[in-house]
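Multiple structures follow.
Both complexes below contain chain A, partnered by chain B and then by chain C.
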Partner chain A sequence: MASEASSSKGEFDIYQTYRKILDDEEMSPPLAAILSLSQLMVESNAGTMFELVKELHDGAEELKRHTTNPISLNAGCELFIAFVTLFPHESDSFAELKTELVKQGQKYAKEAISYRNKIAELMLDFIKDDSVILTHSYSRVVMRALLHAHKTKRISVYVTEARPRGLGVKTHEVLTAVGIPCTVVLDSAVAYVMDKVDFVLVGSEAVVESGGLINAVGSNQMAIIAKAAHKPFYALAESYKFHRLFPLSQYDLPTHNPSILSFPSLPPRPFVTPPTTSGVSPPIAKSGIDESLNVTPTSSSERSMSAEMTAKNPDVDYTRPDLISLVFSDVGILTPEAISQYLVAMFAG
Partner chain B sequence: MSADLHGSQRAVETLVSKLRRRQVVGSREAALETVLVLRQVVSKARFSNIDQLISLIRSVGKRLVEAQPKEHSVGNTVRKLLHHIREEYNTAMTGNASSSKTVYSISNFVLQGQPRKQNVAPKSEATLTLKENDPDDPDSFARVLKPVLMEAIQDVLDELETVYDNISKNAKDHIHSDEIILTIGHSKTVETFLKVAAHHRSFTVIVAETGPSYNGHEMARALSSAGISSFLVPDSSIYAIMSRVNKVIIGAHAILANGGMFAITGSLLAANAARVHSTPVVVCAGQFKLTPLWNLYHDFGALDFADPSSVLGFEEGNLVDKVDVLNPYYDYVGPELVDVFITNDGDHPPSSVYRLIKETYDDDDHEL
Partner chain C sequence: MAPAPSLPIHPPNGPVNGDASKQPPQGRSSQKSMTKAERRELQEKQRAAKAAAKAGGPVNGAPSKQAAKPTPQATAAATPKRPTKSNEAPAPTASALRTQTAARARAASVSVPTPANARGLRIFSHFGLPKPVSVAKGDIHPTILRLALQFSEFKITDYATPPNNTLSRHLMTYLSPQISHLVAARPMSVTMGNAIRQLKLEISGSDIDLPEQDAKDALCQKIDNYIRDRIIIADQVIEETAGNKIKDGDVILTYARSSVVQKVLLGAHAEGRQFSVIVVDSRPMLEGKRLLSVLASAGIQCTYILLPALGAIITEVTLVLVGAHSIHSNGAVYSRAGTALVAMMAKLHSVPVVVCCETYKYSETVQLDSFTKNELAPQGDLFSSFPSVKARDSLTLENDEHLEILNPLYDLTPPNCITAVVTEVGVIPPNSIGSIPVALGRLL
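Let's look at the complex of A and B:
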């Protein structure tokens, strides 16, 4: 069976299929994962349910190995595998069952693109005329909601730069092109701008079992500041992003590895008497660091982080459920407590 | 036949004008009147399939809600009725050969996460033969289904009529002897609750005046005539006496889907004071007050406004044009300020309200 699995993988590269599907701008990682797994089923030679599920698990593992941020991808894979195993099927032959499953997978992916419209519709009532909205980075579902609201209401949007990828600037371009007044704010200026804002709206990579949110780094910060300023914090998430993860802290996420936020190992400092003049930093300490840093010298006073420095920073962070006011999803408007009950009911069959 | 139809239409019009002129006072009264009108509508209605009936009830419901949008129990009763009707219809239909199988799809799999609907004991047995859109006998469908629907409507009516008794059932377990209870306004639900508890326990009630309507005065009078020792205090002393209070028991006008509620002005003050002193806030409300609407608390206009002359009378002539006077009748109290809702269907924390709503109403009816 092992040779069967490797030969099928040799002809069918699931990761390539996944990347090709992701070329479509509208596709999100979980849906692309579901489609790639459906494709895997088409190519598979499995004869029993057990073999099929094992191949699906192997395919999912393969996909996860290739990405640094596998959380949302994982959500899609788990949903599909749970559907295959838990949902009651009535089919006469295994081949018929397989074709049915593949069809369902593709049908769902097609339907799921329309979920963003459903969510935009639900969000519409919460956006009042002359609202000032703060959002983070670039999220397709948030874009859909804002553009939908723009048709009937006046809104203005603050968007954070979302370093290091700087996707906030992309949001700014899209919104300005349709005529929504939009300003990019520094990630460090979120607290400064919070009092001017009516509510905060973010997308999501995944919504987890505790009712918390996993999204681009900076969302947790925004949620904490919103809570302190008594502003509502809304998350938009399609139902295929619900994930059975229960992080106990930021460092409990699967994306966290020991190199993130690690301190560089420095050569041991030789003992030196401290300088008598204050204000002059000891020269010895600097020499140990200079070689490992590639500080890009700029003519202006602005400096930027090197690629190595950026690599030590996380991509996503975890926002606790008590900081989130409501989660808008295609299955309805849910409070964070409702999400955990929902997930358990869904995956427990 | 047409006279009957006009009869039910007249009933609807009468209720619409009563609601608009605010002649129906109190959410329970509004709910009762709505059920009676809908009962008339359903009994006189002519329909050959279920969709006609549902759209008829929805249009009537829409008119009633538009007459008085701030009276949420009207819409809630209509939604509850629609839910019951769909339940009865589905039970009756599953007896036939055309039973609906669970459609096999991922989106349905995801929807399995939805809380299970309340299993109302169906009135119809599966032996009913329902035939929709029968060209020979268009009334057959209605004829067979109507008695079943009438019983379902009677159920809703009974529930509304016994609301006070059901809520007060466990009153003695919620209040201990020698406790000091704070309440606000004149809620019949809370009044019955306290009176029933007084049969088994002796306690003291502090009633806040609740300006500018001063409903607190009637409440204090009603309670003391029942032998409960009551104190009447002005609203300004709520915070000051909160350290001596063991529980805050208040009524609600409507319970929103996020677990928050609309309650008489002054409730937000009492709830905040209670939160600071870690005093439990208990809300007594019937299930007909559960409203499947989410965004109302953003809308300042969702609060009903009463006559400003009770705040600043017209005698103060020179002030009247210089000052804008608002007299909101209700406060929005957020879910984090309430500890438990005591309803006729049991006690629930605010975080479970969304589940109650999913079980009691159908998703399509949220917007009538």
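Let's look at the complex of A and C:
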């Protein structure tokens, strides 16, 4: 599975390894990162712990450079590097230690695949018969939970389209194939449907130190609406997605940059003397704007955003901890406050 | 300049008017038939009488002043060292805590039986409860005396040498009266309590076989380490961590003056980040002026407003950065009075509120309101050393027959208004503050 892919120079190319690992459907970015970093350790020539950790950091940086959304990747990398640093150095030779670390890394990745089953099992008790569930986009762990519940209970699922990637449609296909009644809901119709729903279930890219959630854009919206409608909002997250990040707001996310949701810079409007009476303002400005934009009017009744417009929109958003009811993870069912305590226990010291 | 302290004479047998307070109010039937106000008045009189009898309080004809001028008593005569009247605005360092100067003049003056006066600040009397600094019993170390007086004058800036450089073997027993003397000058604060507790732990853990000088040296070393690790280095870590949250173009709002926040802002500015600061200030302390002058001379763009103007500028703010006197295990932050208002306003406008606080300020207790525990500010405009056009005295309000001044120093910010607490062990959400001891345990 973790096949070696080297660049033309014959060096270990961590990014290629990473991509190859991700070919496996079941693999998620943090796990792939852990496996790639383990592979890097195998290939490394480091003689001391210090050098090894430095190489791991460099490898992680390399991986991050290639993705636009490095958050969950980051979580996996940091977890593995912390694990390596804190691992007790019992063995005498460094080579032995390295082999041990690699073994541990691979063992962890293998075990981690089973985390989704654990979470699905925990979730089962919270799903009553005849539940109506609302979910967002496509998430492997949510799929696992829903399929597991379907074996013993009757459920129906609403899933949002999750533009622009439209992964909600993929969820719809998978669920319908198994026999779960599923309907795709417009992102803008979440408030409309919320009163019909029993609870909201989403996956996660990362769960952060504040106890908040980073997930595909639209999750925050859903959480706010769920709170207003007094519906529980559950997040499913494997423990390797727990991250020490602490975003203070949406704009404090590492994925946020000034171009997101920025206004276009338009040519200055010709100055128009304001009307002396409270009359209608002259309509000069409009035509000026129309000419400068690249709006190609479509003849169909439906319009869609251009790629340029989509690029100005975020991929992920941050959901505050007070909007989340519970986080289901392989280490247990946690309240958002407990996430920080878990992270402190994991990473401090 | 602060008014010169007066030295009242204490009659040895209690004040003359002490008896008056012992008289029961006329027509005292059963307690129940009295109204609540009357009962309270009675309680107040009884308490006053007790304290008066104990303290042999000062007989000054001045009307009851709960928040009174600092009047150090006989101990002032005892110590040759007088506290210097530097008017530096006290910074909240380890033992930089405003003292309860009401501790001074109060006592029997309340028992002067005019009901109006006695009613006074009854509801806040539990933290206005003045304890006169008694004549030094036994061997209170001169450093402690000086520290106590400095406390009372609100003039601590540096942590003074702690009371362990003595030749006595029974260090612990020697310590207790010292500590209670300090507490008499000033209510025990969380940080003081933590430091003293740590010191006692170190003392009890010290090896009995060590020669005395070595043991003392070891303790001194431990104390220095405590200051270094929990205060100085902690501040550096917080400076860096909080500094990372500051981005170019930010408009940062801060309240009053926190030394940690000052360091964070100066540090971030030194790293070249472009941001501007709004300093919100309030009377009577007006500590923000000092912060403003420091930031402005460093070249940071600053705006200065008073607290009532907060609503007008809050929409411009991107981040609120405040310090704390102490943080509690339920996530509440006990800080300069006014901080809660700033935090609540920020929350309403979705502005993140970040509290910078070292772990030695953490208290295991739970605090639910600003009311059960607080201190009163001293009267008079003691703190502003800036030139002003009007005579300073004309600007200060004074208590009189129908007016009582109430200036609590601290208030409590509820955890739901706070976004994050930056400590040296990490950035922690307010509801998980209880995990600080766990994090600390790993480090110690």
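Keep in mind that, in the parts below, the second predicted complex is superposed on the first by the 310 of 349 C-alpha atoms of A that agree within 3 Å, B and C clash if a C-alpha of one lies under 4 Å from a C-alpha of the other, contacts with A are read in each partner's own complex, and residues count from 1 in each chain.
We take it that contacts are C-beta pairs under 8 Å (C-beta built on N, C-alpha and C of every residue); 3 or more make two chains touch, one makes a residue touch a chain.
Worth saying up front: this structure is predicted, and the values here are computed from it rather than measured.
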item	value
First, second, both or neither for A:S249, with chain B first and chain C second	second
Chain B versus chain C as contact partner of A:G332, first or second or both or neither	first
Chain B versus chain C as contact partner of A:K110, first or second or both or neither	neither
Chain A: partner with more touched residues, chain B or chain C	B
First, second, both or neither for A:E209, with chain B first and chain C second	second
Which superposed partner A:R154 touches (first chain B, second chain C, both, neither)	neither
Touching partner for A:L79 - first (chain B), second (chain C), both, neither	first
Which superposed partner A:Q341 touches (first chain B, second chain C, both, neither)	both
Doubly contacted residues of chain A, that is, touched by chain B and again by chain C	337-338, 341, 345, 349
Residues of chain A defined as touching chain B within the complex	34, 79-80, 82-83, 86-89, 100, 104-105, 107-108, 111-112, 125-126, 128, 239-240, 242, 326, 331-335, 337-338, 341-343, 345-346, 349
Residue ranges of chain C touching chain A (in the complex, touch as defined)	245, 247, 319, 350, 352, 354, 416, 419-420, 425-429, 431-432, 434-435, 438-439, 442-443
Complex contact set, residues of chain B against chain A	102, 104-107, 109-115, 257-259, 294-295, 298-299, 351, 354-355, 358, 363
Contact footprint of chain C on chain A as seen in their complex	209-211, 244, 246, 248-249, 252, 321-322, 336-341, 344-345, 348-349
